[in-house]
């Protein structure tokens, strides 16, 4: 059903399985004239790379990206950009039980139901490694947004019961701790919490928040292609995400109009601003020029070392223990994926928006 | 940017403004051979009709739907189904301030930013009346699902602080009270709460929950076109929705793998079941055969009678009072819209899924 | 399969059957700020209207178009433009044989094969009246192109053996004769030829040529979305078209590179021109700035009064005579449809092209 | 503008430049359970490989395809199939004049107009090597069609003035001669003709014909997504194609209804057949069950050794001679590309068609 292609004018087509030969992405619709190097992409890919701490899987992955097309003399040419990472760490092992039993919380059962066949090695297409293509594509989108002065950054907002303290928010801290939290104290607390989860052969969920700064107003559509609707799809399409919200999100359910409405005002320079931002930067599906603020709820890693009850492919009850070392938390590695999907979505809508007015069209065609 | 078209194989294209001549939808991709009458559609449309109580706007709307094409001798022919509702209640009034001032919490400002021009009468395309096309299209989708034995129903889960009590859940009650709550006591309590909001010239938010029963397993895709990702877009595209979640949703952030994983089991007949349904019926983007459970957070009606501060189109500060009678709550009227968007999304993915296996393809082509 | 929606950024969704209640189109993605009136659309619709001469069907059709949405105070607002024409002339008649027999050269048999059900009245969705939606949508596209200084016009190049004489080409003449030929002598000759066909209870084919003037260079894509590829789909999607060519078209098969290559040159003002235009204005899928020249081959009207052999729905041999008065030629009424489809296609690609370069993107977002 | 993605349910996303690192394709939407090996793909790729005769370029290309994803234990899994060919023969050379001058008949000028930047090495993305991705994707589609009993084959119908003789048609001969002609005598004659063109430093055009046998009836749509309209886009998207026709094609312009209509009949087994096939297997946009017969007109190779006049990038007149050895004819190498694009298009429409009737939908979902 061609469900690995995303985007209308800026389209990413990802491919690859956890233990196949390679993984990658084709980015079609990148404008010509953008400076792009492999290190632009590698920098983002490295942020999702495991093997960096006791909280992430031990698997050593080089994950060195190659750009195979679409770039000439350091600049994009407007043709498809194909990027690829070889799978190097394919230790042969016995996939025995995983091959014929369904891990709770994983896509094994549903994959078999849909396709009747399944590459069970490391989760196949439903592995976290699937996000390599997303992040590589997102790196191109991030470069475009940077050229337009738009900034996208995400961070861990909570891990289990440990939440960041808004008063201690320090953006510079995000990439300095393994939790990707903008609050160093919360990060330490979260590490302690995760140690207990490891000890208990258990795992933890958490929340990622993503901010878009300097967003032009008026991007997105009024009906189905609302900016927030597209962001919701983009974020919910990331594995393990179970909820999405914008601005005050679910809290609006207990709010009132007099509180929730953001009144318009003028700043010192006479620019339109909002006094508050309960809306999270989007009104009626279109950006309003204030910060876009979205959140994703991430479920606990389903791979835990405890014995679990399940069934086999041929319909028999069984117990299974998932061997190997597993992250007790998905959140930190997913932070960069949230950024990537947000960037891809915004770029696509920025491009679609360019034909929304006759005067824009005339400007481009010099008329 | 063609943002009023939704769906790939089952596509709805909606049109119309609040105070324009008419509103409608073209449904393209409905299979041939489905029995369909105007009353099938009218029944769903009537559930979003205002004017039924003190909690909904007083505007009298007939909203009688006409099917203009695609049905012959009571059955769909496979060609586009065009459906339309005339706008009857277009009392001429002075739109003065709304025409040149931006209502807080509305799309007035962003609409002007995007298009540079705006049909300000009644909110234009950003009016709640825009959902007429969605609901009419959804009625066709619901009829298809019914033929397949799949049931979709939504209800009000909470209004402000008033939540339904799971112990009192009675599905039959939903359409019996104006709150569309499956708990008659909560409904009464919610009515009382809304009366206080009306008295305070204020409004309330709430939560809608939607259930899909008898869903076949394996529907949805593993990467971008995950079933839950598409549902998120569908639901977040409804005006006033600020959050979406599935299963345990945001609660997973504080859960652990050992609790959140749903173990597989067999029922008495040897069918695969899950012991719990924290996942809300979708694993790895594909339906797992258990109930799909989704929720939408709806913001309080932004039109309130209190004086609010805002700015005018030409950048001057002003105060405004939104005259007329307004619903103190959006939730009850949005329940049927959530059902409609859910049904449209599921039908589209059911159709896309038909070519997911070579044996399905061979079956259809008798090979 | 949603096959009545066409276009990516400028999308038309047509609907309606020959003898249904109405026919129409929803145009989604029209930029805001375009002046548009019903008479802009009516003017084009009138050119496809029958009942004007002995060579076109006698059916009286008002076909007065209504714009139901998307236009406010004479300008487009950027929201979907819904346009509709009521079916007035639905004389009740006995469709007996057509209902259960398959007319040679018509879609009756294939429609039944695809859908298993068929609205047989007047050809249903496969009627020439289906083009009403195309032409109304095309009228909007033509208005956009006019604003950009791009001109699209088509005409009859040949009817049966009667060809226009390039030496007598007079563009002003096109709309002056019922054949829509730019050569008044050829038009007279064609009328005589058609009279013989009517007398013989037969019909004639012909060729339509379409020119696009002042096309900006660089529109279209290098691979699948070549401008000529999209034009080919657009034109071949018109009923009765059996061939499409651009520039020298099929004649290139017997040409040589030294003749067929168009050498580049400079005009007096130093602008790039081509010395010849064998390519028909498109090189490598992208417009080269010279005139786009395309042609469509139209088959003879399949409805002829002679007795024909065929089969019935339940698989029995039969003879049939198609009663009523039929055009002996499709070509003249299809001229405006070719213009419409050409205009829609070019507008869609002009819009898609706006994000092809980083400097274009920066221009729109004032950076 | 994402113009390198083609297909709705069976989508191919191609990438790569003539002298970049590699070329390839991602095929998304291939059903699970199809047996697929690299040799299935290599066999088709080898037919477009140059270096086989004096009539094709001398460049040695291994073009060994690798399947990087989507296949497990010899069968497709339903996930994207990524296929790639490394560019091995990247002899460094002086691209001097090509880098700053526009070759007549090539996309150099239009590429610069669209993107403002161009990978001039070997034509970049507009090279014939771009078809590697199409053919690899087409090989997957051909395998699917084979499983369904549908056969697609193309051949050279004419080269310059040399046409095949229908009386000598021998399908087995097609792959036996370098011209890919089903008539060995015509093939010899064509070789002689091409020798004269080489001697004259010139090139020749020609016509390719493609046949689809055992096509089920009812595939394609009645309006925009007509089967022939989609085939037209697919074929016209191949570089150098200047015309497309189906059945009698342009000859219908001089035909009459009484001749052109194909009467329906019954064969000895009572199956519906047509007495003739002027329509080329498609009526009203849908397959009628008889052979689909389409033709493409291919222009002469634009790279010729003669001196040609043109202009430089900075707008100066110049003369240029295109060095190196060039095919005097594109036709034979394009035969397999026509097959590939035909197969991809038919597979995509076969899949879309599966939801055209409620009874099909019910069959798949066992209801």
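We just call them A, B, C and D in the order they show up, numbering each chain from 1.
Note that in this section contacts are C-beta pairs under 8 Å (C-beta built on N, C-alpha and C of every residue); 3 or more make two chains touch, one makes a residue touch a chain.
Remember, predicted model here, so these are calculated numbers, not experimental data.
Trainee: Among B-D, B-C or A-B, find the interface that matches A-C: by residue number, over half of the contact pairs should be common to both.
Mentor: B-D
Trainee: Would you mind telling me which chain pair, A-D or C-D, is linked by more contacting C-beta pairs?
Mentor: Most contacts of the two pairs: C-D.
Trainee: At what distance in angstrom does the C-alpha mean of chain D lie from that of chain B?
Mentor: 44
Trainee: Suppose each chain is reduced to the average of its Cα coordinates; what separation in Å results between chain A and chain D?
Mentor: The answer is 38 Å.
Trainee: Could you please state the distance in Å, as a whole number, between where the Cα atoms of chain C are centred and where those of chain D are centred?
Mentor: From the centre of chain C to the centre of chain D is 26 Å.
Trainee: Identify all positions of chain C at which a residue touches two or more other chains, and write them in rising order.
Mentor: Chain C, residues with two or more chain partners: 1-5, 8-10, 14, 29, 32-33, 78-79, 114-116, 125, 222, 352, 355-357, 359.
Trainee: Given the complex with chain B, which residues does chain D contribute to the contact?
Mentor: Of all residues in chain D, those touching chain B are 8-10, 29, 31-34, 78-79, 144, 147-149, 216, 222, 350-352, 354-365, 367.
Trainee: Would you mind writing out the residues of chain D in touch with chain C in their complex?
Mentor: 1-6, 14, 102, 104-107, 109-116, 125-126, 130, 158, 160-161, 197, 200-207, 217-226, 228-237, 239, 242-266, 270, 272, 275, 279-280, 282-289, 297-304, 306, 308-311, 315, 317, 349, 352-353, 355-357, 359
Trainee: How about chain C: which of its residues touch chain B in the complex?
Mentor: The contact residues of chain C facing chain B are 1-5, 7-11, 13-17, 20-24, 26, 28-29, 32-33, 66-70, 72, 75, 77-82, 84, 114-119, 124-125.
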